[in-house]
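Order of writing sets the chain letters: A, B, C and D. Residues in each chain are counted from 1.
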Amino acid sequence: MESDELFINMGPVHPSTHGVARFKLRMDGESIKECTPVIGYLHRGTEKIGEMKTYLQFIPYTDRLDYIAAFPNNYAYVKAVEELAGIEVPLRAEYIRVLTMELNRIVNHIVSIGSLLMDLGAATMIMWGFRERENALQLFEMLCGARMTFNYIKPGGVREDIPDGFIPKLNEFIKDMEKRIVDYEQLINGNEIFHMRMKNIGVISGKDAVNYGWTGPTLRGSGVDYDLRKYEPYSIYPDLDFKVCVRKEGDSYARFIVRMDEMKESLHILRQVVDNMPATKLISMAEYGISPMTGTPTAVSTYFPRIFTPPAGEVYSRIEAPKGELGFYVVSDGTTKPYRVKIRSPSFCNLTAIPSLVKGLKIGDLIAAFGTIDVVLGDVDR
Amino acid sequence: MLFLAMWTGDIMFENTYELIVFILNFIGIYDPIYNVFEMFGLEYLLRIIIVLAEIAALFVFILLTVMFLTWMERKVVAMVQARYGPMVTGPRGLLQPVMDGVKLIGKEDIIPAKADRWVFTLAPFLIFIPALLVFIPLPFGESLIISDLNVGLLYIIAISAISPIAILMAGWASNNKYSLMGAIRAVAQDISYTIPLALAAISVVLLTGSLSTVDIVTAQSGTWFGFIPKWFIFLQPLGFILFLIASIAEMGRIPFDFQESESELVAGFFTEYSGMKFAMFFLAEYAHLFSVSAIVVTLFLGGWSVPFLSSIPATFAVLIPIISLAAFVIKTYVIIFFAMWLRDTVPRMRIDQLLNIGWKIMIPLALLNLLATAILLTAGVF
Amino acid sequence: MNSAEELKNLLPGSVISTGLQLNKPMAVVKKEDLVKAAGKAKEIGFDHLSVITGIDYRDHFEVIYNFFSYSKKQNLAIKVNLDHDKPEVDSLTSLWKGADWLERETFDLVGIKFIGHPNLIRILLPDGWNGHPLRKDYDMNTEQFVTIGDNGDDVVSPDGTNLLRRK
Amino acid sequence: MTWISKDWAMGGIIKGLIVTLKHVFRVGNRPTVTVQYPYEKMPVHPRFRGLHAIDEDACIGCGICEVNCPNSTITIVKHNTRWYPQVNMGMCLFCGICVDVCPMNAMKMTGNYELADYSRESLIYGPDRLLFKKEVN
């Protein structure tokens, strides 16, 4: 039956666009004929800021890219700078970095799943998720003094060693989280309505996903067994035992399940990190007299001069952030400031596929598919 | 002793009017008042005053219930989600609905520039008044009924069919695409779920042979074998499930809240409403929740009848109207709690899935149920 | 032999030089032959286009394409040099759908034109924005204000006097 | 006939209903976790990066924090014959670089996070609001 087309402007102020994404929809009744994403409402010129700040000053700005999971952003930039300047990092610092990043991956997936379920109308999951997220944020606050924008990982190490009483609290969190994940699975995984909404919706084949430049859990949901932690290992990941969670279906449900499984894997990694962390004497700031960034190496940070000039050169370094492959292209001209900083943000590249993903589906499916791609608009718009 | 006589069936009242007249007579003030009115030839005026008084009492009761329900909804959601819910205004936040009302009255009443002003203003009234009118033939307890219509059930279904018109008016007049889509969804949903609702109700009518709600309740008093209450839920398990699902759809609550579908259509058909007009939609929604739950109780859970009451000592028989009212309210709240509990557990369906289930599963099953009931009835099993 | 040299062996005429981008192999390609080189790279397994970076070196532009091969687990970077006066290069959207937005972003922020791109409009900044911010000669001192026009489009103007702004 | 499946038993939904019911009755370590914020507050960890505090005796007003601040939040102003930093809280990123780079270890960040105010001017914290005197034991 032919009917008039309806144009709907979804966003930038809309309950389920996760911030300020906007979709121009051409609708035939309830079905989407064409979807055009419009982004840029949160553009802050982070790459330009990167050219104007010193290497150390830019780190707090990377926190603001993907504000749900900021540790990997810190680390991706710092890793690029370290590769550029050839800085050695103490092993303990690497362990702490991996600890924070995996904890942050859990936080990210909790928020992702929670907001997906909230978009589908079940608000309970996000509240339960935020309950556990709060515990993780408490750990972050204990570790680096901030809850979301950390500025913790520095070239040459981390800002401060882990405080007393952190590891017991972390163990408690891991134990608690294991039980909570069982709750989540009971609530969601078997739910028939959830299956109806997610299965065979927003299907994308592995080949197409690669062609669109998808990475991270979204790609692994399409059957491509790829994880940078495993296949281009960095930091201490070669020493850790974990498996890459892959699902073949390529639909919304597969992407959701991959995130669920990754949370469990991250808990597994956390346990290993806690067990194997090299013990060194804890040197607190107060004990040391002066802070580590003033140029003196500590247990968790190598020498890092206050006026830092890496040799001229360019580097592209990527890590497996919770949302996918996060890369920093840093060009140095030998001065105190980078010549060019390019950010390859996973959310931006994953969002590319949305128009073809939702073609012919309903509005509700657009929301489900958008939720499973898991974008943060700070990461998309930069 | 008169109350005892009343309970044992010696004196029956058709409705609350007669109960009030009886009580006034019992106290001994009815005749003097009647004489005063008769002096001026205004007997009908007394009748009107009494009826108006009982309607006023009903409306106050409904409004208080609705206010309580908004509080209860928030508390139940909070309990599920490991929160406190409203806590500040009044004891455990009990006065929160009052504060909400005060806030909404104080809000600016915005009418969009391109809205159809008359229809826009009329719609909230048109949805609010039928939500209250439904209660006219509902028996709240022994003799506690405004009017025992002999077509009571038909009246209820007919009155609740007005609300789609009001929703469509609100959605159309708002001149907002989200509102219009919400309205169209709501109408499609209401129409497709009123049919299984009515079919399931007709099965009950077959059992009682009457459309009068009082007859339906009376038919459910007493027990089988002394311990199973004679509720129609045991004779009509399938009918009960169908009726419950259809009534949750009628209420427009998750998993069937398409008229609102917050994360898809912002707020559905009342997106553009503010202030008291919004409050009327809000109150109507909860009045609807209460009335539909009350209908479920009336049809399938024995209404106000209490199965084991005949064993109560005669000295307490005075309390029986109150006990029956309490039984009715408790049963209704069980159904309401179930609706709230379900809302916190399941996500929303998709509109095409909802209609599919309505037309392809619910209606055939309801027809099958009706057929089975008719055959068993003819065979003399019931 | 790293992947850049492999590409040079396959396309000796197109690849100007090979080298290392710190630790990743990089091939500098003639800008006319970019699509050919990228197509060849895709053929030999580099199926993941990770990022497109445009850099303004004041006298010339560089566009760097970072590829990755899921089958070989290898990296490859392809670099093209562009004139500063005429920053134009062929689009890779025919090979990678994911290149669409990456190229639009590079066009938006660096101002490199991708010939053959189906929809080369600004993506992060509103239409009508003056200048490309990541060029080194971008005027940082002029403020530009975005308002909503009568038909709902974004309107960019340097005049912010009508805006509700507190100092 | 694709509609007929084992999903009709709604086993998953019933499972979910049981879990939510467990939460309603707080069965098995599922307590209420929120705090009534303005009335009770969560404890702040010692490393929390909130409002700045400057040691009155240690600070030499060298301006290293001013140079290193990513957002140009800090300016050095004169206060009672000596020079001290003034922090604009409206622009502060709370990154803690000023604390890290201070050569005299004079700057620290306290656990005070309730910084909302009515005007932008009052968000500029001068030395009079930031200075503290270290207690001499």
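By our rule, a contact is a pair of C-beta atoms (placed from the backbone, for glycine too) under 8 Å apart; a residue touches a chain by one contact, two chains touch by 3 or more.
Because the structure is a prediction, the values reported are computed rather than measured.
The chains that touch subunit A as well as subunit B are D. We define each chain's centre as the mean of its Cα atoms; on that basis subunit C and subunit D are separated by 38 Å. Chain centres here are Cα means. That of subunit A falls 24 Å from that of subunit C. Once the centre of each chain is set as its mean CA position, subunit B and subunit C turn out to be 63 Å apart.
Centre-to-centre spacing of subunit A and subunit D amounts to 21 Å, using the average Cα coordinate of each chain. Shared contact sites, meaning residues of subunit C that touch two or more other chains, are absent.
Shared interface positions of subunit B, defined as residues touching 2 or more other chains, are 80-83, 344-346. Of all residues in subunit A, those touching 2 or more other chains are 124, 131, 187, 191, 193-194, listed in ascending order. Interfaces, counted as pairs of touching chains, are A-B, A-C, A-D, B-D. Chain contact summary for the complex, subunit D toward subunit A: residues 7, 10-13, 15-16, 18-20, 29, 33, 42, 44-49, 68-70, 93-97, 99-103, 105, 109. Considering their complex, residues 76, 79-84, 87, 341-342, 344-346, 356, 360-361 of subunit B touch subunit D. Remark: subunit A residues 6-8, 14-16, 30, 117-124, 127-128, 131, 187, 191, 193-194, 196-197, 362-365, 367 touch subunit B in the complex. Per the touch definition, subunit C reaches subunit A in the complex via residues 21-24, 47-51, 53, 55-56, 64, 66, 70, 73, 75, 77, 96-102, 105, 109, 122-126, 133-134, 138. Those residues of subunit B lying in contact with subunit A across their complex are 77, 80-83, 177-178, 181, 254-255, 257, 261-266, 344-353.
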